[in-house]
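The structure appears below as structure tokens.
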Amino acid sequence: MEQHINIKLTQTVLSLEACSAFVSADNVGGIVNFVGTVRNQTKGKKVLKLDFEAYEPMAVSEMAKIAQQAIEKYEVHKMAIHHRIGMLEVGEIPVIIAASSAHRKAAFEACQYAIDTLKETVPIWKREVFEDGEVWVSATP
Amino acid sequence: MEQHINIKLTQTVLSLEACSAFVSADNVGGIVNFVGTVRNQTKGKKVLKLDFEAYEPMAVSEMAKIAQQAIEKYEVHKMAIHHRIGMLEVGEIPVIIAASSAHRKAAFEACQYAIDTLKETVPIWKREVFEDGEVWVSATP
Amino acid sequence: MKVKLLSFGITKEMVGSFEKNLELPSGTTVEGFLEILKSEYPALKKLTSLRIAVNEEYAEGNHEIMERDEIVLVPPVSGG
Amino acid sequence: MKVKLLSFGITKEMVGSFEKNLELPSGTTVEGFLEILKSEYPALKKLTSLRIAVNEEYAEGNHEIMERDEIVLVPPVSGG
């Protein structure tokens, strides 16, 4: 049976071409990719690195749920969600999401839904590393 | 001066990595890419190929206008719009649009705005090649 | 006055060739030009829309065409 | 009954170690477990939110914990 979702959680560099190629197919007219990148600042404070950790088996199953839900919720053909963990430098890529559909609107919606939901439900945590210390993002008010 | 827009109209294969890399920067947190692909059917009829032609100088200037407008309209850092012309097979890529921003919502909006507007204003025309003939898309009711 | 007409997409077939050199009365507007063209090539009336670009910019109906302008017929576009 | 507790992100620092083996009264619910844990580690009360996963699934407050369950503390997630 053809796989319609592709989930990856890895310590190594993510590939945009791999995600986009997975969702590509002869019956799709558009692919939307979201690529998260490590920003050099947060709330005006200089960020050096981000350190990601995950509860791995559950992170993978929650990402698969999101991809499956997105396919059911929108008229989407295939979804890929790849997430990296470990220490990432500014400019590096922690997440790539790809969605393909016959008509482009569904792919835009599915991709937005997937990244919004990932940030709410997938058990992955990041620590911001500053020049003067480290902070777990969003942990405390 | 740093260029914030990158426009390309070409007979050769487009590169997603090139578009995404152009818009990447240390101050962006997200990149959204739209990749158009040649679909194998339209309104239930089997498509063999798409043949794209452009009024080239004006197509380039209209794509540049769209990228510039998207940057002004949304809080977007950089935009790339690459379009291919000539004969394309099913699965090949006629267009790639990339947008980057500090916060992802703006990149999604700018990317959608750009592809929607491109399809309305940029002087590029495609002929669908079927098994039994050819049709200029949307030309007549 | 002399102008150059370029026709893309389906309009190339409707007017018979990609490039034509035309002679127009001076003071012709885009709107007036479209009327002349549609009476000479009635097939153009079948188009969903027909815009005119003058020197690589879309032009309004009241835009006045000038000697040596490059006029382009823009049938419905379908990029992407 | 014996259960395993895993603590990720900031909760690892709050409870002192990544993995703990705990002894719980049988019939303990997720809600009851959270009360026990917050009284033992009051720092947990400072969190914006604290969810519990049991055997790799988010669990509601009335979910009953079973012998040998793997219980995970899920402070506010921040993937992507």
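Going in written order, the chains are labelled A, B, C and D, and every chain counts its residues from 1.
Everything that follows uses one rule, which is that contacts are C-beta pairs under 8 Å (C-beta built on N, C-alpha and C of every residue); 3 or more make two chains touch, one makes a residue touch a chain.
Fair warning: this is a prediction, and the values are worked out from it, not measured in the lab.
Path length between chain B and chain C in the touching-chain graph (shortest route): 1.
When every chain is reduced to the mean of its CA atoms, the largest separation from chain B belongs to D.
The distance from the centre of chain A to the centre of chain D, with each centre set as the mean of the Cα atoms, comes to 26 Å.
Centroids built from CA atoms put chain C at 48 Å from chain A.
We define each chain's centre as the mean of its Cα atoms; on that basis chain C and chain D are separated by 72 Å. The set of chain A residues touching two or more other chains comprises 36, 115. The residues of chain D never reach two or more other chains; the list is empty. The chain pairs satisfying the stated touch condition come to A-B, A-D, B-C.
Chain B meets chain C in the complex at residues 36, 52-55, 57-59, 61, 83, 94-95, 115, 118-127, 136-141.
The part of chain A that touches chain B in the complex is made up of residues 16-17, 20, 24-41, 90-91, 100, 102, 104, 108, 111-112, 115. Put simply, chain C touches chain B in their complex at residues 6, 8-10, 46-48, 53, 56-58, 72, 74-80.
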